[in-house]
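Alright, structures below, take your time with them.
Next come two complexes, and both contain chain A; in the first it sits with chain B, in the second with chain C.
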Partner chain A sequence: MVESIVLSGLAIGCIYALIGITYNVMFSASRVFSFTAGTLGMLGGVLGSLFIARMGLPVVVGFALALAGGAILGIVTEIVAVRPVLKSLDQHLYVLSTLALALIVQEFTAIEWGTDARPFPRLFDLARVNFDQQFWLPMLACVVVIVGLELLYRHTLVGHAFLAIAEDSFAARALGLPERGLRMASYALAGVIGALAGFAGGEMLLAFFGNAPMLTFYGFVPVALGGMGNNRGAVIAGLLLGLFQQAANFLVGGIFASVAVFTVFILVLLARPEGLAGASLPRRV
Partner chain B sequence: METPAAQLLPSRANALGTANIVGAALPFLTLFALGVTFPLFGGGYWGVIATRACVYWVLVSGLNLVVGFAGQIAIGWVALLTLGAYTTSVLTAGNVMAPLSPYLALAISAVFGAVFGLIVGLPALRLRTFYFAITTLGFATIVTQVALAWQSVTGGGVGIAGPIFPPPFASKWGFYYFCFGLAALCTWMTANIAASRFGRALTAIRDAEVAAEASGISKPALLTVVFLFSGAVGAVAGGLFASLQSYITPDAFTLDLSVLFFIAILIGGRGSILGPLLGTILLTVLPEFAAPLVAWSTFLYAVLLLVIVLAIPGGIADILDFKNRRPLETGRAIVPRPELLPRLLGAPSDAGALTLEQVVLSFGGVQAIDGLDLEIRLGQVHGLIGPNGSGKTTTLNVISGYYAQQRGAVRLNGIALPVLARHRRAQMRIARTFQTPRIVGAASVLENVMIGGTIDGEGTFVESLLSLPRHRRDETMLRDTATLALAAVGLERLAPVRADRLQHSELRFTEIARALMLRPAFLLLDEPAAGLSADEIARLGALVLGIARAGTGVLLVEHHADLIFDICHHITVLNLGKMLAAGTPAEIRSHREVVSAYLGG
Partner chain C sequence: MPITRRQALASAGAAALASGLAKPAIANSDPIRIGYLPALTGPSSSTGVGISRGTQLAVQELNAAGGINGRQIELIVRDTQSDPTKAVNAAAELTNQQVNVVFGPLNSGESLAVVPLLARSSTLQVHPCWVDSLTDPQKYPMCFRNAPTNQQIGGAANRYVVEVLNKKKIAVISDTTGYGTASVNAYVPMLKARGADVVYQGNVDAANPDLKPELLRMQSAGAEAIMPWSVNAGFLSRVINTRGDMAWDVPICGQTTLGSGQTKALLEKPEYWAKVYPNNFKPVCYGPGGKLPDRTTAFLDRLRSAKVDLSDTLLWWVGVGYDSPYMFAQAIKAVGTEPEKIVGYFNQMKSFPGVYGDISFTPDRHNGYPDDEVVMVEANSLKDGAFNVAPGYAA
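The block that comes next holds the complex of A and B.
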């Protein structure tokens, strides 16, 4: 039993961590948290199921198309919901515009795809007891994303530009970096990561429109606890969240697991609003 | 009691007031008349829709204070509806204990709702926008899950019967009138709050939080009562909702409902009662016009929200705000009337002096203030000058409690001021203005100034809710004093105008008027002349001198050397956080180091 708790906990934790990274990538590029992070995860599952199970496309093609769908939603988020409100002094506007876009996509999915959870196709025919692909696929996706982001940020010019924007967008623009282009690229990248999370976790979470608000919430927990913009913090907090949730799930039952996770989340946030590894508040006067 | 404003502008002020009240009440009276007569022309299914709109509005009216006025993004308020629905149903169903009367059950669920509203809302004191939005979303999910899992009480997925109210409210139209009555009551109560010092304080927290603190408004105390009220009416709405549905399951409380409530407020416009009321009616009725729309309703709400946010952030209320679309007169001048100041400020304070003793504050390795001594005396203007980064504004921020000094003390009449207790500075009659004016743009100039006098009101939140005599007395007093303050700084003609339509210089004088509402013993002005024309600076000088003559001690942080040398009794020159020189204007003018380092020449 311990083994299955750990396996499923790590797997679901990887999905939360990936959604957390999705939040972070968008945040780094624009200082904006977007409600579409969970929607991207939901979309990865639904598009994967649509292309592979319903339309019968080869796995590789379906996978690529699902990620492309995520990238498109990422770019649309940037153009429709982020760029218009970025200059506004009213800080709350981005919360509303991204919430609106997330709801639009979610409701569209509910109507066109249906409100029932549909199965996600099995991708590989490897039979191995206890280490099913529904567990290792999210873990693999998480490792690939972490390593990929690390390589991108440390070893490529574009990655350095991303970091520059995240550090100080005014200074970066003054240096002549194409801030808008880089921001759109970041949102596309975030879209790919979010869709990958949903695709990799498709078997576990199913292709279900209701995953959007669920992932929006549970994916934000690692960000809040790990500190905003901090990917390492997000991965650690995401894995802990997954393990804690699955353990509570097995030990006391699903509903109390949710209550427990939520209570811990609120208490930690109230004790340390900037996260367990976050920076202090900006100057106010 | 003396009513200064009435003496000042007797006929016009009263005439304007009456016309405004009638104009503002007209849409509500029209809606009320329509609501009362609705059963005459809206038959059949429309009765259910109208009842539903009333039930929703009971919840939205309370949520409006949280979202529209206080600006807290609470997107999961359906949690309150769920709680109220289940509490009322369980208490009347008798599956847990002896069944109670539905009225009693409704009252008990209001109490539960108030407590739960506080629990859901209080994280807002610690968390910023997106974080708070997410936590309310979490609450909404959790409550539904508990309802599903706690089968012995809630009936789980099978559900539970809603309460049935006894005659005369048992029939369809009887129940409609019951809900309509409560909705009308909520409208009246929240409109009272909107027009009270509490409503203005909420908008100040939303749009100008530092100004709210400097005016002595305690965000925790105010948000606490607002969450209690909003939670209570939300739960009452839940009880009514359960009765209307006649049978409830957890499925009934989807996030779609939460979205409807939230979006109704934003479509209506923040800081308005009429707008969100119309928004609620619109969103409830809209999908009923065409059956195929029902499935798409949340999609449409979301599209509407996006359009509102991007195109008309002010919502319906902004579209209906005709009087603020008339052009303002151009070439208007600010003509302060310092002779009114003694009447506004009252008897001179006997607070003694405001002193800084060896104050030290560093940020990381930077010594912002390095052992500063300062004494600000009543009735004098004390100038604080120095190059950029010399610690002028930092000093002002230490005095007003935004920064905590690491060593040394700030004393008022010999008693040390508590560090970082910003909103308590107002009780000690220490007022301030800001380098960048902090104004509630959507409120009128008069309302902005009234915010400054918030702590002088005596009535409680409940008294304002019910418009009891003490509330009305407070309002008259604040309105009169604010009118006088506006006349004193020379802006009385702009009193009814939306503050975001003002020019920069007018905003500066508005801030001074707001600060004067505290009848300050000490007034801290942070670069009040920045961005003013030469004429305006001269008038500002006369105004500041008048304020000092009325007995207030003024600390003036400023770059305009002419203004400083014209009006200050005493000047302190700072450099790198240390005092470079101090003395009368004549002494400073002849101080060699100051002249070479700072004044030039």
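The block that comes next holds the complex of A and C.
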């Protein structure tokens, strides 16, 4: 039982963490919480299944096309749902605009792909074992994203520019950084990460349009618990969420597991409103 | 000679009297209009498309044979697009066109919206939807169901598990949809009334990727059979896959979707489909020896000669679609097209011999499908849209 809790919990926790990072990457570039994050995850699974299982493309090609699909949706999100509302961030109109776009994409997927879950292909022709690819693929994807983002942010000029925008977009623009281009690039990067989450977790989650609200919801928990914009916090909180959820599934089961998860979530936020790893920001007066 | 007002009135009166007294017997050659509300597009369309193949074939056959009492049948089809709102609009349009009878909608979600509307306009309706509340001779006196109710579906599954398989410790699981939770709430007391011990009862989010905790809980509670109630192929396949991965040899009995192609496509191994028994209907199933009933064999031959494709559908869908126009035809031949007279005929109808099943109604019972024709089948035996009856019935 412990092995099952750890394997499933870590795998689903990695998917939540990746969706949390997707939220954060978009947030850092725009101060907007885009609720298309879970939709990107759903799309990664659906596009992977479409390209590999239905169209018969090689896994590498299907993988690249699924990530490209995520990047395109990320860019569309920036253009359609984020850019028009940036001037009035304090009114939080982005909640409506990004949710609306997420719903449009979700319903379009339901119409074109169908409302039934469809199989996601096994990516590697390996025998099924306890530590199966459906568990280690999300873990591997999570490690690759964490390492990749660290390298990007710390060792590349573009990464430094991303950080500058995240830190203070006005100052960055005053220094001559192309804020709009960098924001679009951030959204494309977020799209790739979100699609990667859904692709790597495809065998667990299946290619199902209904995964979008589930990932949007559970992917937001690591962000809130880990501190907004804090990727390390999102990863730790995502893994803890996955493990706790799976343990609750074993111990209380059914819908009560969700109740347990959100009870703990609320208690944590009551105790630390800034999140477990977040720092409380001083307020200007 | 000028005609006075008195002469004109007298002539008109005489003409009216004469026409009333000596009306010539001219046969009505207007077509008989059947309103039809299938979901031909959208998420519920697989059922609608399957049923439509049977309905269209029956109407073609009836018209080719001269129609009903010499009148051709006009099938007025409106695609509900799997959307209750569109179904309501289509039903309103059909009542405006004064159709003789409405067949459909073909899924419960749409029928829940349409049945009260057609009742208000006193339109005769027959539908094949399962939700129990969709017939009520008091509230909807002109509405009839030529398919089983959810009570019959659950009852057949419970009967098979408890009395045929002789399993007494049962795990009942569903997704968190209205259908799933309502099914569990309805079927658990029925199981207990049959003397079964429900050792596990739960509702789980259909998107939950890991059902192992639930199945381990069932196993540790001593469950001897699993009864899942959901129309979500992803959820059902996870139940089947988890049982297979755990190498747990218990039967799974429940909703018809357990035997669907979508569920099959999601199985990790084909052999995991063994000992999975979904609901189905005896007249359209292979009995012991792999034979269909004679009536159904003849129907299959007709389908083949009409080149009706069965590779992507189920025989019972085509069967209920085929039977319905013939049922109307029998009633109209006997009593004409007046809706009240057809209702009176249906209220006395005994064992209409359909391919899908023998349909009987009474004034107090508008659910026409017989209990004993709802059976369980072997999910992995699908051939020509039909399944083998599950083991144990023949004994």
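Operating definition for what follows: the second predicted complex is superposed on the first by the 276 of 285 C-alpha atoms of A that agree within 3 Å, B and C clash if a C-alpha of one lies under 4 Å from a C-alpha of the other, contacts with A are read in each partner's own complex, and residues count from 1 in each chain.
The rule is simple: a residue touches a chain if its C-beta (ideal position, glycine included) is under 8 Å from a C-beta of that chain, and two chains touch if they have at least 3 such contacts.
It should be emphasised that the depicted structure is a prediction, and the values quoted were computed from it without experimental measurement.
Superposition of the two complexes onto chain A shows a clash between chain B and chain C.
Using the contact criterion defined above for the overlaid structures, shared-chain residue A:270 touches chain B, although it does not reach chain C.
In the superposition on chain A, A:258 makes contact with both chain B and chain C.
Set against each other, chain B and chain C differ in how many residues of chain A they touch, and the higher count belongs to B.
With both structures placed on the common chain, the touch criterion links A:117 to chain C but leaves chain B unconnected.
Using the contact criterion defined above for the overlaid structures, shared-chain residue A:224 touches chain B, although it does not reach chain C.
Looking at the shared chain after the overlay, A:143 reaches neither chain B nor chain C. Contacts of A:208 after superposition on the shared chain: chain C is touched, whereas chain B is not. Looking at the shared chain after the overlay, A:85 reaches chain B, while chain C stays out of its contact range. The residues of chain A shared by its contacts with chain B and with chain C are 111, 214, 253-255, 258.
By the touch criterion stated above, chain B contacts chain A in their complex at residues 71, 73, 75, 123, 126-131, 133-135, 137-139, 141-142, 145-146, 148-149, 209-210, 255, 259, 266, 295-296, 298-299, 301-303, 305-306, 309-310, 313, 393, 397, 402, 434.
Chain A makes touch with chain C in their complex at residues 1, 4, 8, 12, 110-111, 114-119, 128, 201, 204-206, 208, 210-211, 214, 246, 249-250, 253-255, 257-258.
Residue ranges on chain A touching chain B, taken from their complex, read 33, 80-81, 84-85, 90-93, 95-97, 99-101, 103-104, 107-108, 111, 213-214, 216-217, 220, 224, 253-256, 258-259, 262, 265-266, 269-270, 273, 284-285.
The residues of chain C lying in touch with chain A in their complex are 42-43, 176, 202-210, 212-214, 216-217, 232-235, 237, 245, 262, 265-266, 268.
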